[in-house]
Every structure is written in structure tokens, then in C-alpha cells.
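Please find one structure pasted underneath; my questions will follow.
Letters A, B, C and D mark the chains as written, and numbering starts fresh at 1 in each.
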Amino acid sequence: MRLEIAVDLDYAIVGPPTDVLLQIEAAAMPDQRIESEALTIWSDSPIAAVAGEDGIGQRCWIRADNWLKAEYRAVVEVNRTIVDLAPLAPTPVRDLAGGLVPYLLPSRYCQSDRLEGFVRREFAGLEGGALAAALAAWVADSLEYRSNSSSGETTALDTFASRSGVCRDYAHLLVALARAGEIPARCVAGYAPGVEPPDFHAVAELWLDGAWRLVDATGMAPADTIARICVGRDATDIAFMTVFGMANFVHQSVRVTRL
Amino acid sequence: MRLEIAVDLDYAIVGPPTDVLLQIEAAAMPDQRIESEALTIWSDSPIAAVAGEDGIGQRCWIRADNWLKAEYRAVVEVNRTIVDLAPLAPTPVRDLAGGLVPYLLPSRYCQSDRLEGFVRREFAGLEGGALAAALAAWVADSLEYRSNSSSGETTALDTFASRSGVCRDYAHLLVALARAGEIPARCVAGYAPGVEPPDFHAVAELWLDGAWRLVDATGMAPADTIARICVGRDATDIAFMTVFGMANFVHQSVRVTRL
Amino acid sequence: MRLEIAVDLDYAIVGPPTDVLLQIEAAAMPDQRIESEALTIWSDSPIAAVAGEDGIGQRCWIRADNWLKAEYRAVVEVNRTIVDLAPLAPTPVRDLAGGLVPYLLPSRYCQSDRLEGFVRREFAGLEGGALAAALAAWVADSLEYRSNSSSGETTALDTFASRSGVCRDYAHLLVALARAGEIPARCVAGYAPGVEPPDFHAVAELWLDGAWRLVDATGMAPADTIARICVGRDATDIAFMTVFGMANFVHQSVRVTRL
Amino acid sequence: MRLEIAVDLDYAIVGPPTDVLLQIEAAAMPDQRIESEALTIWSDSPIAAVAGEDGIGQRCWIRADNWLKAEYRAVVEVNRTIVDLAPLAPTPVRDLAGGLVPYLLPSRYCQSDRLEGFVRREFAGLEGGALAAALAAWVADSLEYRSNSSSGETTALDTFASRSGVCRDYAHLLVALARAGEIPARCVAGYAPGVEPPDFHAVAELWLDGAWRLVDATGMAPADTIARICVGRDATDIAFMTVFGMANFVHQSVRVTRL
């Protein structure tokens, strides 16, 4: 599937010049090829690109003075087949490589340590793909998608109680539950058509049977329609923009269309 | 039902003389009559009795020097019939007296505000007694009773995630869920035979159809076997002992037998 | 000091008719006399007045259909002298009446149990009025008043870390610290001239030397300018409006002028 | 400085065979040379070594049946000079490599996002080494070292309020404050002589002037006496043992002596 991506960001910087970390470029990966791309950032200062988490994608440091204005245009070909999770074999944690260990552990917004009792009790007897499929279905069934029902401080534990949220909250909860069930899980920021309202999208990625498997518990983005931007432990790592100071929203648009 | 109650407390006080609030006397109430009782506190300082929350029972202030030693013996006749909650009519909150309002609101350990989404979603269409019965059954089914699985800092929200706890946690969670469902709910400390391990017991009390209804979500104490000590918003109010300093456990026993 | 109070509330109710608890009437108390008052609520359903917490003031239950519109006009004479807290003698907790005990304990938004170490360490050797004065000065110095820097979910512990907030947060933090220092403390909603922006105001009330003492850690309202509406453990009890459903802001104004 | 390290672990495994991740080997690094080492693990199943976080050190996966018994003996030469932090130049965040970005962000136990207001307000005008030195001194002064005053669930925010803790809590709080002040900071597990009681030690490491700088806010271990085991975002990453099941303590000893 080929996706055309167009992002426009316009923020006003309050106070002195401010450092900003921007993560909006689709990542070049075996299952998603960047056909063309152009990132334009209006800035008088040099822009520094640095590697993303797990060596996936890249992010850039910007020194923003008065405003932050960026434009991103890309065409990405996604070559991924949808995999049925349920039959995938479990991997005992002792067979996991060192790089996967962090994705078994709790993080700022995914307190998996607090949800172990729930997973053990409500999903007893399930493991690996069968557990992953059951958890994803449970999250999809149990939450109500409601714009503005959460904030940047909302954690998986909050969402577990409130039973509502946006894509970030669905991803956090699924990731936390999977880790509680001994399945390595990370959060992924990406682009996908059909996301409503159109925006940066957050989904989960679960390590099953030797590979990462994309899962969107909101149901808005099938795995074969997602172009990853970056990955990480949770929203702290995959925010599209981290401002080391204060920025005010002026305008932002994210359009993703299927070509 | 007649209960014989025998409590022995023995604590060592660390540091300077310390004020202690003790709540261990069974409360005289229409549905529980104190046949006989004797409270002995070894102390060189005067002991001051003050009223309990909602005017129920009494607690006493003690100045403890080096150690706190107390003995309580009582015979209580409980005259209460078990009421089936399910058919009880709901009371719209606007018909509640001022004294019930606090029991609709969140408290330190019962953050009902955070569980409204869950109750609304999972128990949609239920209210009043039908909701209360469903919530009590849900708590009983969803939690695992495990000694030492929680601490004095554990909240209803923690228990909602961990799915395990002791009587205090069962009571907190049921109270929080009931309030989230617009049913006034308070916590009750009491004595009951059959509590394992024998100890002070904590249960919930829900306001339904014009009266408070005792509910023990652990299932250990039927409503007609409980002698209340005190009531309150949550464990902060109903602790059997609140130490304004530091006390170390030496010995404690609580025996409740059916006569 | 005579205050003229004028409040206008206009909210749209989303969904079915909704129960609302309104607390906006100034309380008749020895140190504040209601010269005249008129509360008008536009509603087709009967309105029920119930007592406020601690028997102070009154609140009313309203059944709101489509919208909630209320108007309150009053003239209140405040007869209160400003008391210097520092010299006030401490009261040992064991001398406190039963009705004061709840104000020594942690509550939903004032987790005093978590701040005991801080108070003990940073204010060692102080108690009673001297401690109260030091805590109030510390809160005033340590926090930055910033509109919209907090939300209805912000707790005293959050504010203790963020070091910013609005009047509600100043009151919560002072109350939590006072309780951690064994001074009974409650939250008070009130009217005061000079509050910027003009709004319902929240302050703390500390029990010192046998009486409640009003303290506004924001410094906006001297104790002799405040007309209390209601009191309680924290914001849960003293909210001017508690909606058992959903209401959207249309218009609201609170004007308090010195006559 | 040459250190002799001797660790003995003895745990009973409850229930079925359990996977355990063990991180107890001193890491070979330019500033700490492993002269000799021997790790013995009693197990019938194969043991798999995997890389530690940031490629530092190694950890091993063990399948433990009935008990987990391990012995570690090593001699490590630490060649590190103590650096005065205060004069070290600040690095603007925009000059940080991608691998350092995670150490600017909040994590499970180091919620730096919640402490930004405090750092900005109380340490205004300081940055880089001067800020780091001030924060380390503040943590050392503000906390009281108390064994058993915290648990595995205690976060930096908890410690910030309670003002007491053990080495883990000192490290968490310093790391959280440093990140809040835009200094990359990670947690380090290590061995050091003079730790009382003798145990695995946790310290902070701050990125200043182009290098990681070890800081022990408890003051027990000067930077030139620490042999690192592993590094990570917080205690989740650097635990000496992570059990995917349940293990009960039987015996454990950690001895570190200066040769």
C-alpha cells in the first residue's frame, strides 16, 4: 500500500529560544520503503538529526526562536501482511535478547507491574499469541474512544480505570497488559489513513514468534496500513514533538491518503 | 446472634510519649445491643473518650508512654436480618440528606471519581439495589483474598488493578465503585465470627432504600453477624489505632465467637 | 467589613436531566452576618436545601434539564479580626474533640500522610501557631500562582512537586502540611474582594488555640475579608457545583465588592 | 583502587520453574578493569547471557527450579578520578546524541516531568555542572537515610515528599531532578566498599561536559570507589534480580573490600 503523507506544524514559542526534539519523519525499514520525502524546517539555527530509539528512524533537534514551523511531505510504500496473532507461539522470556528486556519492564506511562494480578487472573492459561489476541480484543471492547478524555499525563493505569481514551491511551494500556503477561511490547508512532480525527497515530507493537507485530487496539489502522515514525517504551519516547520550554499551538495538520 | 469479643493489644512506643487514637469498642446501635463490655487501658495519663464519625460509637485518646496495652471484652447481641440488595429501589442523589453527601464523594483511599467510566460502561442500565448487588458480586469474583498482598497505602485504584487484597481492600473497592454509581457508601470496622485470620474486619455499608446496608464483599461475614465499631469515608476514619508517633507491634489478638 | 456578592451561573446540561449539588450561598455564622440574600434558580423541578458539612451553610439539590441557570445576590457583614498565628498555643491531638479528628487525617486531595517526613524534617521543633505561620509562609513563598496550571484532579502532592497552582492548590497544600504537623485543617470556599481573577475562592482554615483560623496562602484575601460558603476535608466537599452527569460552561461571573 | 567482590544469593522459588534475569557481574569498562571473575549458578538448565542496557555489562537469564543459588567472586580495578561537578560546562539538549535522549525523559520511578516546576523555581539560574552539584547537595541534605523506609514501589515523587529512603531512592530523586533540569541522567547499580549495610548499591550518573559522571547522593561511595554492574533509566532496568514468578529470600550477602 502506498501512502501520501503531508504534515504542517506551526507553533509559537513563548520566551527565549527553545530546544525542540521533532520526530515526524517516516522511518526507512524493510517493511516500509520511503519513496520520496522532504522535511522543511524554518529556522536560522542548524538542525541536527539524531538516531531514533532502537536505531529506528531519526529525530531532529531544532533551536526554535519565536516560532516553530515545519512541513513534511512523503510517499511511503508499506509492504506488510496482516498476521493473525492468535496462533503465534509464545517465547519464554529467558530466550529474549538483551535489547528486548526493556520492553518487558514497566515504564512511565505503562505501569505493567501494577497490572500483573489482573492479567494473571482474567487471562489465566493464555500466553504468547493467544494472550496477545485476547488482550487486544479486551482493550478494544473495554475502552470507549473519546477525544479530549485524557491528557499528556494520563497513564495506562488511569485508562484501565476510566475505560476511555484516545489512540495513545489504547496503545499504553495494551502495551502495559502485554508486558504484564510477559510479552515484550513497545509503543509506535506512525501514519495511517483512516485515522479519525486525522493526526499522528499511536499503536502497540508486540514481540511474538520472533518478530514485532503491529496492533492498533482502536481498530482504526490495520497493520498493513501503518508507516512507523519511531518506537519506544511509551509516549515519552515517541512524542512527535518534545519542547524544552513552552510552545503554543497555532496550527497543525496531518493528512495521510492512500494512493 | 450473640457475639463474645476479646481483644488484646500490646505495642511498644518508640521515642517520646505519643498520642494514640483507639477505636475498638463495639458501637451501641439499634441493630446491635451491647450486653456487657469492659475496656482496660494501662496508662498513667487520663483517657478521653470522643464521639465516632456520624455519631456512631466512640473512640478514645490515649497518651502512651513506652508501651500501649489495652484489653477489650464485650458481649454484643446483633439483631439484624439479611436483606436481599437486588430488589431495593434506587434513591436519586437529589433526595439525599446533607449527611449522606460525603459518602457520594471520593476519599483518600476510595477514588470513586476515577472509576466512574468503568461503572458506567460495565454496569450500564443498573442502579440502586440491582447495581449494588452486581458490584458486590463483581468485587467478590474479581479479587483474590491474599494476606499481606497490600499495605496501609493501598488504594481502591491499586486494588482495582492488582485484583487482590485483604478485607480493607475489598471494602475500599466496593465503596469506591458504589459511589461511582451514585450510591452513598461508607466503610465500617467491625467484629465478626468466622473472619480468617481472626482480626478487626472491614466491610462496606451502602445506602439503599432509606437505610444503610452492610455488605462484606469477601463473603466471610454475613450482614447479620457483624458488630460495628465505627464508620467513615475509608480506612483513614476507621483504623482501630492511629498513632501520632511510632509504635512497634508486640502482640495482638482479636477473638470473636458466637455464643 | 460589608461585602456585596453577585454570582451568575449558566451551564448547558448534556444528555438527560441531571442532578446538581450547588453550594454558593454565604453561610450564616457568628463572624459573618447575612444582611440580605436572594438565590434564584431557574428550574421546573423542586429544589431541596440540605445542610453543609459540619453544619455550616447550606447547599441545594437541583434537577437540571437542558440548562442550569442560577443567580445569587447577597450583602454580608464580616466581623472578624485578623489574628497573628505565630503566638497561638499548640493543642495536643489528644485534647481534640471527635468532630476535629477527620481534619487530622488525609483526604482525597490532601494526602497529609505522605508529607509527614517533609514537615518533621524541615520544620523540626515547631508546633501549633508557630508551625502554622511557618507553613503558610512556606506555601506562599514556594508556589507560583498560575491560572490554568492545575486541574480538578490535581492533589496537594502534585502541587508540592510542581510548585505552582491556583487558590485551590494553595489551600490543599497548606491543609495537607498542617495535618502532617498535627494541626487540624479544613478547606473553605468563600467570597472575598480582591481575588484576581474574580471567582469563588478557596482558603485553608486551621484549628489553633481552640478556634478555626482562616488563612489564605495566596495572600489575596486577608482573613477579615472572607465570607465563608462552606467547609470540608478538601475540594471534594467544597466544590461550588457537583454535577452528577455532564454540564458545559456557558457563562459564569462572580463579583465581590467592598461596600 | 582494587576491589574484591563476593556475592552469595540464595532464594527459594515458589511454584513452577521460573525465569530469572540476573545482573550481578561487574561490567568491563575503560574506567574499571575486571582482573578476575567467576560466576557460578546452580541450575540444570542452560544459562543465557545477554547484553546490558546501553551495551554496558551483561546479564543472564536463568531457569530456576525450586531454588536459585548463585555465587559471584571478582577482583576489579577501578581507575577513575573524582571530578568536581560544579565547574563543568552545560550541554544544550540540542547537542545531545540520540542515545542520550531517553535519559532526558521521565521513567517509571523518575517522574522528572512532575519536578520541573520545583527545579526551575528553586534552582533558577543554574545549569550544567553547577546545577548538578546543587541538586546533589540538596538531595544529600534533604533526605534522611532510613533502612526499610521505602519499598520496590517507591518513586522519586514519593521520596521527594517523604524525605527519606535508601540508596535506590537517593539515586531516583537525583536522577529525576537532573532530568527536570535538562541534564541527562541514568541510574547505575554497582559495588562499593563502605556501603552500610553492605548490599548492592544504586547511584546516579549525570552526563556533563561530554561524559557520564558518577554521583552518590548518599555520600557513602566516592566516585572513584564504584564498580558499575549495569545502567538504565531507573530501578526497573538495574535490578540485580528480576523474577518472572515468585521467589522467597533465604540468604543473601554482598561483600566489597578494598584490597
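To be clear about the criterion, a residue touches a chain if its C-beta (ideal position, glycine included) is under 8 Å from a C-beta of that chain, and two chains touch if they have at least 3 such contacts.
According to UniProt, the chain labels map to these proteins: A, B, C, D = Transglutaminase family protein.
What you see is a predicted model, and the numbers here were worked out from it, not measured in a lab.
Shared contact partners of subunit C and subunit D, listed by label: none present.
Think of each touching pair as a link: the shortest run of links from subunit B to subunit D has 2 of them. Two copies of one sequence, subunit A and subunit D, touch each other mainly through matching residues, since over half of the numbers at the interface are common to both. Rounded to a whole number, the gap between the C-alpha centres of subunit A and subunit B is 44 angstrom. Measuring from the averaged C-alpha position of subunit B to that of subunit C gives a distance of 28 Å.
With each centre defined as the average position of its C-alpha atoms, the distance from subunit A to subunit C rounds to 42 Å.
Shared contact sites, meaning residues of subunit B that touch two or more other chains, are absent.
In terms of inter-chain touching, the protein chains here make up one closed cycle, each touching precisely two others. Pairwise chain contacts present here: A-B, A-D, B-C, C-D [touch as defined].
Per the touch definition, subunit A reaches subunit B in the complex via residues 114-118, 120-122, 142, 144, 157-158, 160-164.
By the touch rule above, subunit C contacts subunit B in their complex via residues 19, 21, 48, 50-53, 58-59, 61-63, 92-99, 101-102, 105-108, 111, 113, 153, 182, 232-233, 236-237, 242, 244.
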